[in-house]
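Notes follow once the structure below has been shown.
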């Protein structure tokens, strides 16, 4: 078999299993499992509108997902995608609402840059805490997500609140001026698609064709060795944190300037986790991430269709995502009896899977 | 066969398609000391683990005192009194000594305990076993030697009747090896069967009663009496006459002959200057003036060290591990903080220079542990090789043409006779000797002026050791200063032009040829200091 | 003062129980980010069972059992299928949140708050104020903490679990099945998380609303890291977080107009970050349990 | 054609209760889809809207369906999915979904839209009925009641977060209290979300412990925590947001003030199905969909005289608000 096909199949197997488990669970509690699976198909690629939705969601997933690829590859488990996405959205909204009448090209560029910058800052802070103080980034980035949510509430219920109408009661910013919008509410436009493609190409070049790419990959597998080679592993880490946060921030900016058109509380709460899954399903590969993002984009599109079509509560989609996350990194393989020539006595000598995680010790200067 | 403590019958161990042990049938007689030898990757550890139940056997069986041991079941093996001391110790670093002795203990009772009771119980045992350590001490704070004593004490804590030691001497200084051997003899006297994995022929001849040789997973010599083998036969068995080239001896060198045997330290104790040529250029390439520094990992540092290294010299660093060797290497490399004093590198003041700039001046390092400091095991070979090029220490930055780098890596590996299948292979797939050659290919380029070689031959087989030595000599001959840190005195005496002894963070002895082993020994133990 | 202590203890109890579960898993070498999901399951099931049967023991056993079953599932995926524990934990959290809502929809036909008429008995019922509100679980938790500490640090099997996380090869070479140790740690953690969830919903509230776990599992996990996976250290950290939460509310009510409320709401998370930084600084990153220990045998 | 048939059905249902013929229902096969951005099940507005939508569907012989969308980025596509699925009427709720509702309503002129709790659209969209509720006015009455009843001079409110709608509630509550007793202290307690009942309980406990004796709940699903806190000790009182609290905490609940969207949802659905519906707006205030329902009889633990005084004060204030003599401030930021 073509090795790429084999890899793709191996990566897809856990997802297929998750879908099957999901259908079985639904069947057990009284829904039509099979029909739900059909609806997932229909809601993701079955109609033109579904396809548009799939692509629309692929954009933030692939951009944040590639950020996760950069940071995971360099050995840092930055799981703060959501918070960085919010900060990017905040940055873009502040700029765009501050100069609604400016020349669109300039304002949009500034807004996007502000989004990237704020996203990067929100990521570099835990990065510094990790690299300088050794504070575990999994915890600090998760906590930073919570902080970002309340920061968003603070801003939208206070300084950034929409005051354009006397009766406005939603926690929302003023809308982005029409001239500054880079897409309609369906999120697809030459600008959004172009930026996405550019990000994919740039990140691929960065990871595969620059010394930063090669070195950060090695740093993720064995930072000690790089230290002996005179490489400043901490600096690579900071750049990786900054890049991944900047990309999440870019996604936030695109979301505001594109489909959303204004900043509201509770925006896209799933996008951070899903982007992380994208990176992992892809095995931290760039083009694999694009494929995985398309898949998760399709799933997101389907999840909007299911409540209407299958009368499924929205929480069912959360359950499906839970199944996928539980299984996505599992090494599915043939059972022992199918592969082992001779079975050892159960107990002592089984291999230790947690030890076998293909990473080398992470030590920083 | 009831007199055999262990009998292996047709033992085959596979890792995937790779056969690590191939139909090995061997018996170890009770109450004797058996040596198990062979090159790196010969399968010694695998056989030892199979006996200890840590590795499941794919085919064949292992029996103890005539009774078959359940396959791959450590508990079953331990119940039969089989205990193993591992090549790198199996002691959880977060635990105290007493806890480490307790958790795997097979001694009945004591399922729960108080801290005081636990410490008291194991302190008594440690004292009785003449291990001088406090039972409440954290393992991560202990030096290797103590760790090994504890590891052996742990193995003997139960009712050990068969003790397997995997390369116990690799990490020990010479005088501790003597003590270890004494202990092994005492155990034998108490009726314990000992199977000991060794690399050095000298040690085999010193301690072992029988010898078993493995080569590429196959049994070559089966428990012959050690007294009956000549050194030549023995080496022949390990390396294999026709196989010598494959063992890693560089092309252009003659197959292993008696001269080479002498060159690799098999001649018990006479240290003639076989290949010594005075090539010292007199050019001072490294100068430490009153340097006080800390080791980056918190280990022992240096105190007021003065040292000068000259081009064309191999300077050996002898000393018991943990006396400042790591700090010395790190200080020259720029990896540890210099608290006081000056460092000069190739005529420039380097005290505050970062490691990368030092490399730019021509500093090269073969680090202590090739699997973590020297290589990234899960990265492709070409990346492992290309790092200096990527960081710009030697050439370029930014955009990288990976195809070109792959090709360059390939030709460098061929030049250094690395046995590899593809530059895209992960470093973990190489055997120890070949892995070391990848490091040499990276570090020993034409621009190398100062080379720190830390334990470059640890755990390598004879052929590989010879290869490394040749490389170091070549570097010296081309005018580089080589600092060779090794815990193998024979090695230092063999190829160094000058030896310094580190003791307690200072230099206790600085001596040129001819070397006097007694003088070096007393400096190492602090007698002369 | 006693009232404040009781209120803090009340608020800390679910965190303490979950942190103990996290510490056990951490000792066995598994980063347990799924504590919150297990808590949700325990919280939901205990209230549903209490409502339907009126029997508190059945409610508690059911809650613990369900959380334990999901823990066993986690074990299977992580240990037997080599999945990444962090991602699995995030998945368990999603399962806990979505699954409890789905469960409520399946049982009651619509999602919403479930109320039980019976609750976990109050131990000091006669005492007015927060002390009187302490449930049996809250009162028993210090004893449970000591019990877990004793189990982990003062029994051979506890040391074996520790060895499994600290140096799996060492554990295996002593004949210890690392996978079984991980199973024990996760199952025991499941029981503790079930209790934690039950205390959260059935303790004083006697009702369950979806999402009420509200990130407590992650805070408990942070307590594990802060406590260096030591049972008592993790408990201390969890109590500290309970106190921060109490203080956050206090500051909101008493410092009105001084600091915006939203910043008070951020407080527990910011304090967590600061605490993680300080402990990492003090302890040195190398001394905590590592994410991946790779040692060549 | 749909409009005419629906109109007929509406007429028949309004004239004769639930006797609408099953025959016509089978023939028209209409459906109402309600899309809400707040979780259902907490007994508050969303639940009452769902009940209203179901009620309307029953009367019309339609099917009905409620869809919860948590992510604001998904409102529009869910609305489009609902429209594509052939809904007859789509009902939405609250401001966050305004933009999406307007966009989709414009794109699907044949489908009728009802947007509850929204500002009027100018110019009106021909197939969209917006309905606004001055819900903060009820909170003004709550404030009057709480302040009149309070013995300690301190009252509180446990709210989900600080978003403008809730802030407006709080400010009206405080204004109502101040209108009775200018020296009264009104303390807000914010949970941070609408789910964490345990934290709501802690917030309420600290409020009560600090001397507050009446708390208004305003935290959706987390309100059960405030109710539980009130029930912990005698002398703690509540003004709740859902009627069911009268049953859960009969001794503590002084009144229930809140939004009842049910009847107005039915009314609005019927209105958009009128054949001559041209789009428009309905403003609703006190006395219509909104009212403060006081406990009757007085809650078990309450002081009868003070309770009666509070009821009287509410009646007076209510009249004032309805006839416009009392102006209720509308301020959407927390003080």
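Order as written gives the chain letters A, B, C and D; numbering starts at 1 within each chain.
Here is the rule we go by: contacts are C-beta pairs under 8 Å (C-beta built on N, C-alpha and C of every residue); 3 or more make two chains touch, one makes a residue touch a chain.
Owing to the predicted nature of the structure, the values given are computational and were not obtained by experimental measurement.
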Chain of greatest Cα-centre distance to chain D: B
Leading chain pair when contacts are tallied as C-beta pairs: A-C
Between chain D and chain B, distance of the C-alpha-averaged centres to the nearest whole Å: 76
Chain centre separation in whole Å, for chain D relative to chain A (CA means): 36
Interchain centroid distance [CA atoms averaged], chain A/chain C, Å: 27
Geometric centre distance via CA averages, chain C-chain B, whole Å: 45
Multi-partner residues of chain A (at least 2 other chains): 150, 153-154, 157-158, 313, 347-349, 359-361
Junction residues of chain C - those touching two or more other chains: 111, 169, 172, 175-176, 210, 262, 265, 295
Set of chain D residues in contact with two or more other chains: 68, 162, 192, 334
Pairwise chain contacts under the document criterion: A-B, A-C, A-D, B-C, C-D
Chain B partner contacts - residues on chain C that touch it in the complex: 150, 154-157, 159-160, 162-163, 166-167, 169-176, 287, 289, 295-297
Footprint of chain A on chain B - complex, ascending: 53-59, 70-76, 296, 333-335, 354-359, 365, 367, 372-379, 383-384, 386-388, 390-393, 396-402
Touch list for chain C against partner chain D, complex: 3, 7, 10-11, 14, 104, 110-113, 115, 128-130, 132-133, 200-201, 204-207, 209-212, 214, 245-246, 249-250, 252-254, 256-257, 261-262, 264-265
Complex interface listing, chain D residues touching chain C: 39-43, 47, 68, 162, 187-190, 192-193, 195-199, 201-203, 205-207, 209-210, 221-222, 224-225, 228, 232-233, 248, 334-335
Residues of chain A touching chain C in the complex: 29-30, 77, 79, 126, 129, 133-136, 138-140, 142-144, 146-147, 150-151, 153-154, 157-158, 273, 276-277, 280, 313, 315-332, 347-350, 352-357, 359-364
